[in-house]
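One chain, chain A, links the two complexes that follow: it is found with chain B in the first and with chain C in the second.
For the complex of A and B:
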């Protein structure tokens, strides 16, 4: 627990492998969060999630990625000292008292994409993007956090587990159980988050893994070999109900406040075929970010009354 | 739009299978004021490998000497304590022996032991059938641990399995500690005992940039730049040899002194100097935009049979080289790296045993004295038989 440089003041959260405390960096008086990793409970030594988190946060330095200030051992526990981030996008979306504008959404999308672009440029896949993992700093900046499921971009022949990403944000290739995938899984998640920001409710809330496919394809159309060559060779494909993709008009009706460019961005992030899905770079350069309204100044976005 | 992207994809071949950005569309586009793109070099400079584990030769020596000195002081202090507490029992001869035999390791000896055990880490990791990257990371972790710690503080044989096990986890190649222990013929406790210490000594820096990726990249790029001028089968052969050489290079200090691409080029240079010269020459403009004839006259060596067309060559060779890369400078750096690689010698088992024994006895002077006493008694019994022949110093 004790480290002469930091204080732990209040326990604010407890996850499967870590306890989070709020505290202060004593020298500067700055607020910080300490993620204490419960190492003693793992029979295989240091836990994989902890290792991943440490490994990737050590490398990433970007305004839109959570900053790891320090890391230390105390009483056989691993402590990550992180910047203090009081809220997250999930809280904001759920808070009925908060009104936000299309310009606010644009600012959040821009910051999220910039952060994830940086993650990708460092050859890292996040694999668990969701509103809950997009933390918000006191001055409104989005910070991509929680790298407990992250991994290096696989080589061409590497076999991966498709059991990643929280269900509602899981890309179709993962739903199909693909053994190889890349950056595109993260882009899909951001696309779903984008839709959720516009709707203010989860866009593809599947109840279980099977239902997730149903929900996803009902909303966005069942992929066919025409848009995604060989998709029909995935096991289980034949059991699927074939839904047509939504027309632009149907999307307009569902996302009433969205501009055409916003819909184009969303459609391209939610492209069934991971090979044609936009990259974060393509997203960042799209017209949605060049048209009015300009993204809000993050510090001006009111997150509570 | 995609100027930025095509640049990336040409440097990162792994990704090209997945996303091929529309190269053709590359057109100069108006960039916003203050537009500055973070280069791949900038990214590398921000990596923990560069920030924490890259040194100049002097700095590296200094670092080792500090670690060694710290350990020496401890060993000497303990020896002194031993002498002080056993003053009454120690004979003059004992004292002589202690002076002669019980002395801390020199920096050179430490390094020999580390190098010897690094090789062991490699052999064991390969024996466990671990993927190349895991083997590489094991070696890297082990060697970094002993930049921070002395072999007299932590016996290297106790860290071999620990580093391999952590490397497995860090490279996302999970094996449970029990099955790892079984395979490695070790125990759970022995493997986990120093895991924390290891992580701490690694300064929590776990992501390694090994030269295998640059190797892949250079091979793709060489085939593009020297399109139709290199034999693919030949390239395949040297690729495999280079890969092996990379693993060997990880056992040397070049990893602290040079960047992964520099090491890769140095290794390529060892395999085929002509090839590297031609490639870098075209890439970084040793000869200004080489003419067709120019190149043809150079491909006398067996590595470059004349095959296929050369039409794509023009497009590639006129590609602008990054402004800050100068052929001569680059070449001298990789030449220097190559020399360092060549001068790295392996440590024989005998030598390693000698140093390990010394490391042991300087910390256990009582055992040293006992042993010599016993030996002396034995020789006294055998009446002056020469003993030195089978002097065996294992622990």
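For the complex of A and C:
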């Protein structure tokens, strides 16, 4: 506790490489979270994800992206001072006591898309979007968090690893092992989150990497060269079972409460071909956000009884 | 007629929910057993017993200690499981049929209207809990006598509102059905067209092969495709028209107006997709297909790049952004 500006009060979580404490900024009395990264245990220096997190959070400043207030060293450990965000979308989706309306979903989607749009416009790929990483502030604002897998958009020659994004939210090009993917992988994740918000259960829950392909294509149709040029050149494409893409009517039946515009948005975010998948800007401009009901006021969404 | 009495006597009989306490018939043995209640005392009696006991005219309730005289035509099916709820709903229905003023009748004076509602609630409560029943009933009757015309008018009005609503529902249902039919029609037509095109191509090609007509294979295929395109389609046009009608339909417009009006005071800031946070004054405009960068152009052709979703415009946009970044940014101003 060597930093005089902040206090650590309670341990709230522990991961493989970091411990999270609840604390206060002493000068202002504001609640904060301190992520203490255990550098001393790593012989090879700092963990990769810690470097990524610091690197990109420093750059980003947006109401829908988590705010890093400060960084300091104490006892050989790196400490990130982050704004305090009490809950996340995963908790909300799983809590059977919380009822939310289509207007609430719209508000969440809107905030998420704005946050991710800002990330993309700064040439950063998030690569780990899932409900668990969309934190919610005390006044209901969604904040995109956990930049441990983020990276800057590579130069055209650079090779990317396809082993990113939590499995259920992984875009088809990643499942195929693409090495030159784009922002489109993040949009896919948001599309799956959108579906999950409407269903309140995970939309594409694959048990392992192979099964994830099966589940994804059974729900959304197996891509062919016609809708996605050159998809058949991916290794592993040939072994696939061909499923037809779902018709509008089938989608309507699956998402009973969704409006036509909501389905259009979801379809375009879950487009197989990353070329034709909508960008975050296109998503934000779609009719779904303009039609009634208006998105709820974030502060009015009740997250607990 | 107090609730206490009801529950008191019910306890003696109501051990088994699915058994008629009078004839002891069980739902297990006769699955189509139906229970009826009479608003006089709300004792539950099965249909057969009602027929048996009350067919010859009014008779006393067969429950022990209940001395109400019941008539067969007043019996009805119980909607709510809880007798107390059933009773309150009935009372409300009766009272609201008489006390049916709306806000308009008070010239939109909310305070007066609320006072009136409070009075009505008082009457309902009294009747429900057996307080001053005689007096309250008297009140109800006097009011009814005094306001006969008004009550009738209001009844007419609410009837009309109901009618409007059901009309609208019917309209929307019809439209939906029509839409579905059209969509199916389009799908079918498309399938048919596809097949027709396939056949036509084969036919024409075989004709060409036989030497009766010249022409390149590709030309033939192109020709057939174009005809198919032109064929699309009366159903599609109809669907578009229908969508237009739906958008402009009078019922819908009404609700939209109401929705917009209701929502307005809440948010004074109009909705914009980016919440006002979008750089529309970039210092460059991305051109399409106008850059010649051999490296990128070559990469664009490689299948592993194409399949991954690689897009040259992303590359150019980034390069241009970085090239122009910081231009027009005065450091001394930023510092201040």
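Here, the second predicted complex is superposed on the first by the 304 of 305 C-alpha atoms of A that agree within 3 Å, B and C clash if a C-alpha of one lies under 4 Å from a C-alpha of the other, contacts with A are read in each partner's own complex, and residues count from 1 in each chain.
Simple rule for what comes next: a residue touches a chain if its C-beta (ideal position, glycine included) is under 8 Å from a C-beta of that chain, and two chains touch if they have at least 3 such contacts.
Keep in mind it's a predicted model, so treat the numbers as computed, not measured.
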{"item": "First (chain B), second (chain C), both or neither touched by A:166", "value": "neither"}
{"item": "First (chain B), second (chain C), both or neither touched by A:87", "value": "neither"}
{"item": "Partner chain in contact with A:275 - chain B first, chain C second, else both or neither", "value": "both"}
{"item": "Chain B versus chain C as contact partner of A:153, first or second or both or neither", "value": "both"}
{"item": "Contacts of A:48 with chain B and chain C, given as first, second, both or neither", "value": "first"}
{"item": "Chain B versus chain C as contact partner of A:31, first or second or both or neither", "value": "neither"}
{"item": "First (chain B), second (chain C), both or neither touched by A:285", "value": "both"}
{"item": "Partner chain(s) touched by A:182 [first = chain B, second = chain C, both, neither]", "value": "both"}
{"item": "Chain B versus chain C as contact partner of A:56, first or second or both or neither", "value": "first"}
{"item": "Touching both chain C and chain B, counted on chain A across the two superposed complexes", "value": "123, 153, 156, 182-184, 274-275, 281, 285"}
{"item": "Chain A residues touching chain B - in the complex, by the definition given at the top", "value": "39, 43-46, 48, 51-52, 54-56, 58-59, 61, 71, 73, 76, 78, 121-123, 151-153, 155-156, 182-184, 274-275, 279, 281-282, 285"}
{"item": "Chain B residues within the chain A interface of the complex", "value": "1-2, 4-5, 8, 12, 14-15, 17-19, 21, 38, 43, 46-48, 165-166, 169-170, 172, 174, 176-177, 191-192, 195-196, 199-200, 204-207"}
{"item": "Residue ranges of chain A in contact with chain C within the complex", "value": "62-63, 114, 117-118, 123, 153, 156-157, 173, 176, 178-184, 228-231, 233-234, 247-249, 273-275, 277, 281, 284-285, 289-290, 292-295, 297"}
{"item": "Chain A contact footprint on chain C (complex, rising order)", "value": "180, 183, 187, 256, 259-260, 263, 266-267, 271, 273-275, 277, 295-296, 299, 303-311, 314-315, 318, 321"}
